[in-house]
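Take a look at the following structure, please.
Note that the chains take the letters A, B, C and D in the order they are written out, and that residue 1 is the start of every chain.
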Amino acid sequence: MTSQDVSHRAKVTLPKTAYGLIAILVLLVVASVTTPGFARVDNIFVVIRAASLTGIVAIGMSYITISGNLFALSASALGALLAVLFALLTAALGFAAGLFLTLGIAVLCGLAQSVAISLIGNPIITTLAFGTVFRGLAALSSGNSILRIESEAALWLGTARPLGIPTQSWAFIIAAILSWFIIRHFKIGREIVLCGANPKAAVASGLRVGLVTAIACAALSIGVAVMAIMTVSQFSQAKADLFMGYDFDYIAAVLVGGIALRGGKGTPLQAALGAVLIALLQNFMLLHGLSAGVRMTIVGLLVIASISLFHILQGRGR
Amino acid sequence: ESKGTVVVFVPSSTNPYIGQFQLGAKEKAAELGYDIKVIENNFNQSEQDSQVQQQLASGETVAGYIWWPFENAAGVGSLRALSQSGAPVIVSNQYPIKGTEAYWTAYAGANDFLSGKTAAEILLDACAKADAKCDKGAIIRFPAGVSAGDDRATGFEDAVKGKLDVIDVVPTAGFLEDEGYKVAAQIIPAHKGELTWLYTQNDSLAGAAAQAARENGLTPGKDIFIVGGTCHGDSKHVKSGEIAGTAIQSGYWEGWMAMQALGKFVVQGKVVDGESYLEGTPDAPPSDADPLYKYNFLPNPAVANSQAAYDAAKLWGKTADQLCNF
Amino acid sequence: MTSETKSNLARLGLMIAVYLILAARIPSYYSQPGIAALLDSAVLAGIIAVGVGLTMIAGEMDLSVGSMAAFAGILSIQLFPYGMVPALVIVVLFCGLLGALQGFCIYKLNISSMVFTIGTLIALRGLTLVASNEKTVLIPFENIAETDFLSAKFFVFSIPSATLLVLVLLVDFFSRRTLWGREIFAIGGGRGEARAAGVSIRRPIIVAFSISAALAGLAGALLSFRTGSASPLGFEAVLLEAVTACLIGGIALAGGRGSILGVLIGLFTIRFLVSGIAALGAPFWMQSLATGALLIFVIIAEAAVGYITRRRRMARALTTA
Amino acid sequence: MLRMSGIVKSYGPTRVLEDVDLAVEAGEVMALMGENGAGKSTLVKILAGIEPADGGTISIDGATVSIRSPGHAQAAGIGYVAQELSIVESLSVAENVFLGDETLGFFRSAASLARRARPYLERVGLDHIDPLSLAEEHSVAERQLVEIARLLSRKARIAILDEPTAALSETEIVRVKAAVRTLAAEGCAIIYVTHRMPEVFDLTQKVTVLRNGKSFPAVETAGLSIGDLIEAMLGRQLGQMFPPRAAHAGEEILRLDACRASGLKAPVSLSLRKGEILALAGQVGSGAGAVLRMLAGVTPIQSGSVTLEGGAYAPSGIAGSIARKVLYCSDDRKRDGIFAVRSVPENLSAPALSAVSRFGLLSPALEGEHVTRIARQFGLGERFLGRLAGNLSGGNQQKVALGKWIGLDPKILLVEEPTRGVDVGARSEIYSHLRKLADEGLSIIFASSDTQEVLGLADRIASFFHGELVRICDADDVTAESLTRDVTRASEAA
């Protein structure tokens, strides 16, 4: 599916995360000079909060990408299903049970997809099909009504601000650091990277490719579950049409973060940075009162520009 | 004995409001003795257009159509095709576009201009009651390109002209809490000390905005007045007074009255020109014997923002709780 | 019989089975106007699927078609005062040009088109919103009758559905019997191999993307004229339907394999299914579940058949070795 | 006729070609030789328009031409057979013959292409093939011959063949040679890249040697000896290519009793002792590789039994064989031997992740130790450790592909084509490393179609033909002739 020739030219040595940071810095400077109220510390927290939930899913998505499985198109639908199930389970069994069962179901959904991906060999088609099924199941199990929960613990999870920082941002920061650490320092992380770099060589080296796909799918599912649970908790309710049309947001974050779609390269931190970068730009445009159309155009151009830039910097153009 | 089939075109029951609409239409149809068939398109106008084609091609004789276009203006072509079949067409939910009067029998449903106006009244009322000075504020809108959002904004702006200062009209990404929160959480801190009110077009967005306001140290109902104007889902923000108030916009009754309008037309055989705001009586639903007007509007009775007011609110024999929490 | 013919026959069988199962419960599936309506319902996704299918054969994928169609829709309605045919021609040419530009960037950057077109998908949608002033644009109602001829039926065909069928035949011929078409297959089947053999990479990529964009533009313009209006938010769901049609129709995601006629088969398979379930009055999630299940069924069947043929080939290689 | 002069080319900071000259006359076959990574393929790719040159001129018949794309090259009359297969599997054989040929007109039908392709297919001995069948239905060797047919169809004035025979067996090589001779006889100028010495002396009139990106003036083949040639390529004399054999071998470690697997037509029985190097000699498709794949758990053992150190051995999949310390290195390192986009250390520790981690966490200290040990054992210099594996030369890539297994303390190493596409210098290093490992007690089985390699490296030789084991002998009892006879029994029978 990729159009690159397999060529190995000299790489620019600066880590790609550095470009993300530089881009964020440049945008910050430009924005703070031109936008009153932008450079305030609390606005930075606002931006991180805005990036949090998308970012958490993007971090999960980066596992899929790095493991060589391109991307999944089922994240938003799975989010709706998990939100509905979390609400149902919490209403019936209480918050703790709801939380753990939802995470468990998320992992199961991830595993089911990974088995299908391993059998069929194509993550995009597989998740496309699973996405329609998940959305259907979400509608079915919600009975087309708004599901409300009443749980102090859930409300805390959704609205508390330990040390003045929203739980969502905490979750985002922890997820980013944790998943970076896993990819970098865990054995399974190395396996994910290697399987993405060359699945056939991974098999020949006795690496557990099936397990890697399963972990990657589970990581995405857990990210999606966190997003779903936090959203439901924040507003104490769930609906089957949650997160409609969000899939490209997650993928855009991964791409803006500069993770190569071919797999085997990049870290989840880049996806997190990508999400922050997009949120930063959105915030900047929102504060400038740009219309929705203009905002969307600019985000699209940002995606194009950043992927092109990463690409050219690596000397892969023609 | 069935009096025939009524075909209802709606976006998708994945949206609970539309689920309620279907329920209302179904119950009224059963009462009137019609069969009902609901065709859903999952928020996709071209799909709905081809469903209309398919339906017309089936050659089925139907008692009438209820038409809820996903994209109001984009659905005009299909509306016209339905009208050419000869069966009565009741348009619902999406206020018909000027110039299309020939394509439909009657409109029976909510009035988004009215909804905006009611919201404005609730807001002005709340400001007056609290003796607070409301001037600058913002409208947090439905996604760009959604006509209901345009209509509500127009209704609201007309009603507050000269009284409030609208500084910002910001489209969200959607209709739901999380999408509203994302916008409100960025707008409110950026305009801190400046915003005195927010109109969010529905209560889902309003609840999210109230949360964002609180997180920014503003007390909704004191430092900032927030109104959504259509009760929807979570009533806790209304009952607690965080939202300045709400109005009952019932999907159930909208579907019900669309079906009633069709029944009226079949029985009465005529449409009276002009508009009719159906009376928002607490107990009895409007009679089937009332005349059918070209425009029949669902009442939007306002509900004050207290537990007591909420518990007392009723429309046509159903409580606010039944109508808003689905 | 080649394996490709066999697989196309199997797909045809699947399509007929879906048709018959639903026809048993929906009388209009047998009637002339019913079939005409089914054909009509396939126009949008069909025209777009032909273009997307071509990019998939080239080993790429144009994700921007939905936004492109919406953009074309707005543009064509805005150009309506100049006459429908000129508007259509201008829009299709303009979209084709945009597509060629997109193809050129993808070639020049040597970048994955799925990455690149996610960017253009977002940017074009934004541009569409800007161009439409974030409002649905309409043909004046006094002129709406001028577009009636697009809905008129000749036997079971309308002008749009006839256009779809003609386009399928044309593009199928183009892809099978011309140098440029074969180049698209070649670079999809093996990019590096084709290049080493002297096949230009630039031309087929630009051709595939400009056809895909031009067809998306055509679909958007035709449909908008037929309904007399265009919404800046329209055509969002068409990409998934088009890609699903291609996949069910046997176009390999890896590129190089499949046929445009197969796309037509895949397209009608889902149209029969989705229209049928909607016509039965079932809620939306049933359509969703059924489409997902069909897609999973087809890909699993494909994987199984692929496995068996590989085994056979290996066995044959052993006996002839 | 063709003259390339002062050709310069860099990939990023690495200079691959500096000031290279090359000239070929019509009707002449010119061998282009050099170690792996000398820049041969890069040079011919520039000529074929695949890669742009950074400097230098190319002239044909005295006129300077500019070649910026494969299309330009074709227009200039240059035909090219790439080192890697350039056959599109999903297209028909006929289309592959005419792939990239724009002279046939805009409209084309499958039938007419097939008709036109047939004569060319016949010339390379593929008359039994249906031109309408898909390329993927044919063997690698047949596909390689289709490429030669393409070259013939181009009516090229200058033909480039980059290691065309690397994947072919003797009979097919004969056909390629015949085709090359015909082309030359027709007045075509031919550049022939190869690592196979016999072909050079058999086929070519001149040899141009590349070393470290620099070219040496062409010399007449007739006046050359193998020793001279090797010296020119390496810039030094190659002392002893093969290390001395083992003095003695230990007890039996592995035994196959009447084993069958996919790729084998008759049951195979053989045994292996500790510290022994066993060669499975055979041409492509002989079944030599099939035995290795069976032992590696890639293909299941269909019947018979395998005994490893006295216990039963029936690996289920590759992980099963790795668990028993029976390790397999395939013949296609790009495909499944290395992780091209990851660094050399990451490649070397890939199969040993468990050994270099504690409680699921990678230990940098353990990993570093592991990597340096292998690098030392396999002669991989410090400077390679910072690089991506894909940026190494073929020989070093092969060292990485082989070396990554050493860290696992293997009992048996299975190597398929240990030095395919590896230059003489690296080759001799790899041989001595393998021998050293064997002397330390490792048992090695390798499959190879290179007679010299089999004779030089192995203690014992099992020859294979058409999926059957022909015989097993001590290496001392085998000569080049007897081995060639064993592995090509068909030509005798026919």
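Observations on the structure shown:
Just so it is clear, a residue touches a chain if its C-beta (ideal position, glycine included) is under 8 Å from a C-beta of that chain, and two chains touch if they have at least 3 such contacts.
Chain by chain, the UniProt names read as follows: A, C = ABC transporter permease; D = Sugar ABC transporter ATP-binding protein.
Keep in mind it's a predicted model, so treat the numbers as computed, not measured.
When each chain is reduced to the average of its Cα atoms, B sits farthest from chain D.
Chain pairs A-C and A-B differ in how many C-beta pairs are in contact, and the one with more is A-C.
Averaging C-alpha coordinates per chain places the centre of chain B 72 Å away from that of chain D. Chain geometry summary: the mean Cα position of chain A (ABC transporter permease) and that of chain C (ABC transporter permease) are 29 Å apart.
Annotation: 34 Å between the Cα-based centres of chain A (ABC transporter permease) and chain B. For the pair chain C (ABC transporter permease) and chain D, the distance between mean C-alpha positions equals 43 Å. In chain A (ABC transporter permease), 6, 135, 138-139, 144, 240, 262, 291-293 are the positions where the chain touches two or more neighbouring chains simultaneously. Listed for chain C (ABC transporter permease) are residues 129, 132, 134, 192, 195, 232, 236, 283-285, 288, each touching two or more other chains. Looking at chain D, no residue sits in touch with two or more other chains. Chains touching one another, given as pairs, are A-B, A-C, A-D, B-C, C-D. Residues 11-14, 318-319, 322, 328, 330, 335-342, 346, 349-351, 353-354, 357, 360-362, 388, 390-391, 404 of chain D touch chain A (ABC transporter permease) in their complex. In the complex of the two chains, the chain A (ABC transporter permease) residues touching chain D come out as 6, 8-11, 185-191, 193-194, 197-198, 200-208, 262, 264-265, 315. By the touch criterion given at the top, residues 26-28, 31, 33-38, 40-41, 44, 129, 132, 134-138, 141, 144, 147, 151, 223, 226-238, 274-275, 278-279, 281, 283-285, 287-288 of chain C (ABC transporter permease) touch chain B in their complex. Taken in their complex, chain B has these residues touching chain A (ABC transporter permease): 12-16, 18-19, 43, 143-144, 168, 170-171, 174, 176-178, 181-183, 185-187, 189-190, 207-208, 211, 215, 233-234, 236, 325-326. Contact residues of chain C (ABC transporter permease) toward chain A (ABC transporter permease) in the complex are 59-61, 105-116, 118-132, 134, 191-192, 195, 205, 232, 236, 240, 243-244, 247, 253-255, 283-286, 288-289, 291-293, 295-296, 299-300, 303.
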